[in-house]
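Chain lettering (A, B, C and D) follows the sequence in which the chains are written, and residue indices restart at 1 in each chain.
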């Protein structure tokens, strides 16, 4: 029974729901402040994402005439839930809300599900901007899915010592045994590849070709207002937290003895990953064109991922 | 990889003070010298010649003349209203005002919700011109007397030359 | 609801309504003087993001609609249509003197009068290109009005 | 229980002939005859399941009582082990569903009697092929199947390209039949027997080149029947013109016969799946087909042609999984085979419903059907979600098992070839998702096209079969472990245990052994349900906030959806950056510009390769036959 309560508490509070929501809002806020500071301006208050989401909740929801109303309103809810459930799988130290022995594949599919709900929602909104936006989102998905899978295979293969594992618990145990994987030079290209994948997966500035305000008027979210928009914005924030959490789980899983230190290290490393992978590109480069994103991911990033896969394969 | 542009400056900016002015919290910074902002109208200098109204492109100024209550019958109280929302702040009125009654201050904070917030109103008191000492009839009479005297003088001079 | 939780949530949302202002800019035939001033307000020196401002691409996500330009004949229908597509509660802020009165173009056959004819203007910022600080002051004023509007919605 | 197999096959054939007698009188008589025959055969096959599947027995039946004498099998035998019954189940379920669907779908066509006669003969021949234990009997059933399928493809000969598609299918299909026949003749020449069990016994010992050539011929023959790499344009042309229920039969059932033949050939007859070169051949073929067909499907303009290419690429998945040679791989392949029949059948029936209502299948002309046909849209979403492997549906479960089996095979053997196969498999699933997003956007969502203005929901008679398939898709997706235990393990065991198969046939009863398939991990533990519940309730409390949802009032009857809306009341018009919203539906063909831009050369090469000329396809077939034979001679 205690085990049951323990796992329910795990889900509800710590690595689960409450922690995810707070962490994702703070992480998104810190990201915006860092980008602002890099442009030498003061930047919004750290809780700005919370205000954005609350304000959107308060606004009126307009369902356009050409939209398919049920799918239009349901898609954001499914997207948010799928991303929140993904966050359940991420371990802090070695404690994670839900534990299966094939976490990575579930995470991969739930992230795909989140992108698919974004696509189906925008398809249902019946606006031409959304049509173009969803095709760009699909191209982005095709481009980052390949390197993401290769990195997961590499890490799974390294930590499996023999039989490849997809479970984050085993990866955590392996890293606890012989140091976080980031120190292992063979895996540096894989880490770089994952760092490149994160901004495109989340839809952050240089790669947010699906919600490009200037080109296609908020593309995918052109017709969204009010509560569905709040859910999509919240999904964007939680995805940012999930992807940096995934990087920490795969490469930076430092497990000290007691839990509080783990949490602190986890938060600091999440902020660091967000800074390196999302804030710096946002402040430094402009938005990519559609086929540039595709060409960039399938040549440079896949090259890095393949390099480390081959190195690991040869048995280094 | 090609050198990523601005990466160096971006990272060093992190540790430098942001350049943002703390305006909504602090007070607004002063505008540059001789900035053409809100119009200031000095009613005492104005002689109501109307040059500013003629020269104003968006015709943002209206003049209303009303007889002054307390003054003598001929006095006028002219109210100038400058509508800031239709002014282009070109400063033509200030240049052409002979008496330099209109000046453009450097107050640029012109926001408001009602139209009244944008009106600059000035009053000009115009004294009636002094009443002439003689009424027109008296003038006619005086003129007629002057003619008569001149004619009498010429008649006398003609008589004198005749002698 | 239990110990008036929904009242607390509504108060939090009213407060958030004045802290997260998404701007949507409509150029109703302006000479682009005010447009670059609006964008200048987002640059590091003035940084409207401190008030929570962010330029959005679609009117469906707008809280504050900035209109610049004297509503030319061509842009009249488009202005009305776009304003109809913005969800309540939102504020209309006119930037520069053209939208308020048509400035030097007043009375021309191609100018369809001030924006006030089509929808009540909440805040207007005068100046032929108002300075970015003036625009930010206008936005701050609009934020306060937005809070009242949002409170009015759920009373 | 003995003669259930022959009864099941005979009822279908007898039903075909009775229908041609009785069916002329009235539609009701026709429906009665056809439905009862299908129901009886389904019942017979299902009643065999407890014996064969759960207890592992093997039912053997000798036609005409010609039992084997002195170890030599003279007569034609039917042998039903778990593998045959598994495919038997697939066949009968698909036949049942597409039969009931075509009752309403074919109502407007004339000469329906011939349709149902051919349909029942197709069903009978396919069931016969799957249950038969004799190689020549398999060839006879293949012939009947091919000819009935060709006739049914060209059934609606008024549609443009129907006769041409059927002709192409006949010509290139006969190449496959000829190669199966030559293979059978060569084996008979060598081993003097046609009985599968006896061949299985003798084939291991006789290692002469004639057997290798026979293997090559049979391999190419079954590749043709499963429309593998060089033969996939065949399927695309045939599907695009066939009526929907027949397309479902072709893609759902005929391809499975090719897969069944491949499994029998490689696991039971020659038992040479152990050699890595055979694994390379089979997995390579599967991988090649998978990738090429999904990229070809990517820029199709016809709904059914796109579905056809997808069905071939999913069959490529199945063949890849089978080529691994491990029990897990075979189990995953079989699981994906039945899932593919279910969701592909569902998608074809949805395509049929769309064609039935709007009259066209061109992706560029359709649009916005979700408002007119909401139920069909929901069915389409279930089918599309299962084929692209979205979690709760069955596609996800079987694709996951396939990835795990490929990846563990790659790790165990340390062979880089299988790692590339795994990456190609994952990439193909993303491209499948991409093309179904394209179909969803251009057919169901987006703005309503001119053609779809007056389309309304299809009749209930068509929707019931679709709901049966959709429910099966969901059920199989939610309980993969239980399904694996009950069906996959015995089927894989039967395929792996060739000696048991031979012993049962020749010398009486034997029980199939159960290999260890570590199942897919059930994440549906109670904790997951609590999480979902809590998140939903949290969501509800947030939504209690008072913010109205404004919807345009529904159109009164008689009012038509007017394009020109005054600027004042444009609140519910889509945002068009101020302009009046004209009809501008983003169709499928101009999506994914970024992706196609980079791969221009690749796409144009394959576009020319599918030239549509029969002798090109025949040429590809013969070249492939030659290459396969050379490969077999060199390596096996």
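The rule we apply is simple: a residue touches a chain if its C-beta (ideal position, glycine included) is under 8 Å from a C-beta of that chain, and two chains touch if they have at least 3 such contacts.
Because the structure is predicted, anything quoted here is derived from the model rather than measured.
Enquirer: So using the touch definition from the top, which pair is joined by more C-beta contacts, C-D or A-B?
Expert: Of C-D and A-B, more C-beta pairs in contact link C-D.
Enquirer: Going by CA means, which chain is nearest the middle of everything shown?
Expert: Given all protein C-alpha atoms shown, the central chain works out to be A.
Enquirer: Taking the mean of the CA coordinates per chain, how far is chain B from chain D in Å?
Expert: The separation of the two C-alpha centroids amounts to 89 Å.
Enquirer: What's the distance between the Cα centroids of chain C and chain D, rounded to whole Å?
Expert: Comparing mean C-alpha positions, chain D is 57 Å from chain C.
Enquirer: Measuring from the mean C-alpha position of chain A to the mean C-alpha position of chain B, what distance in angstrom results?
Expert: The computed centroid separation for chain A versus chain B comes out at 64 Å.
Enquirer: Quick one: report the Å distance separating chain A from chain D, using the average Cα coordinate of each chain.
Expert: 35
Enquirer: Touching at least two other chains at once: which residues of chain B meet that condition?
Expert: 18-20
Enquirer: At which residue positions does chain D touch at least two other chains?
Expert: As it turns out, chain D has residues touching two or more other chains at 542, 545, 547, 550, 571, 573, 575, 577.
Enquirer: At least two partner chains per residue is the criterion; list those residues in chain A.
Expert: 36, 39-43, 57-62, 129, 217, 222-223, 226
Enquirer: So which chains end up touching which?
Expert: Those chain pairs which touch are A-B, A-C, A-D, B-C, C-D.
Enquirer: Considering only the defined contacts, which chain A positions touch chain B in the complex?
Expert: Chain A reaches chain B through residues 34, 36-43, 280, 283-285.
Enquirer: For a test of understanding, state which residues of chain D touch chain C in their complex under the given definition.
Expert: 541-542, 544-547, 550, 567-571, 573, 575, 577-580
Enquirer: Okay, in this complex, where on chain C does chain D touch?
Expert: Counting only chain C, the residues touching chain D are 1, 5-6, 9-10, 13, 26, 58-60, 75, 77-82, 84-85, 87, 153-154.
Enquirer: So in the complex, the part of chain B that touches chain A is made up of which residues?
Expert: Those in contact with chain A are residues 4-7, 10-11, 13-14, 16-20.
Enquirer: Residues of chain A touching chain C in their complex?
Expert: The contact residues of chain A facing chain C are 32, 36, 39-45, 48, 50-52, 54-62, 129, 212-214, 216-218, 221-226, 229.
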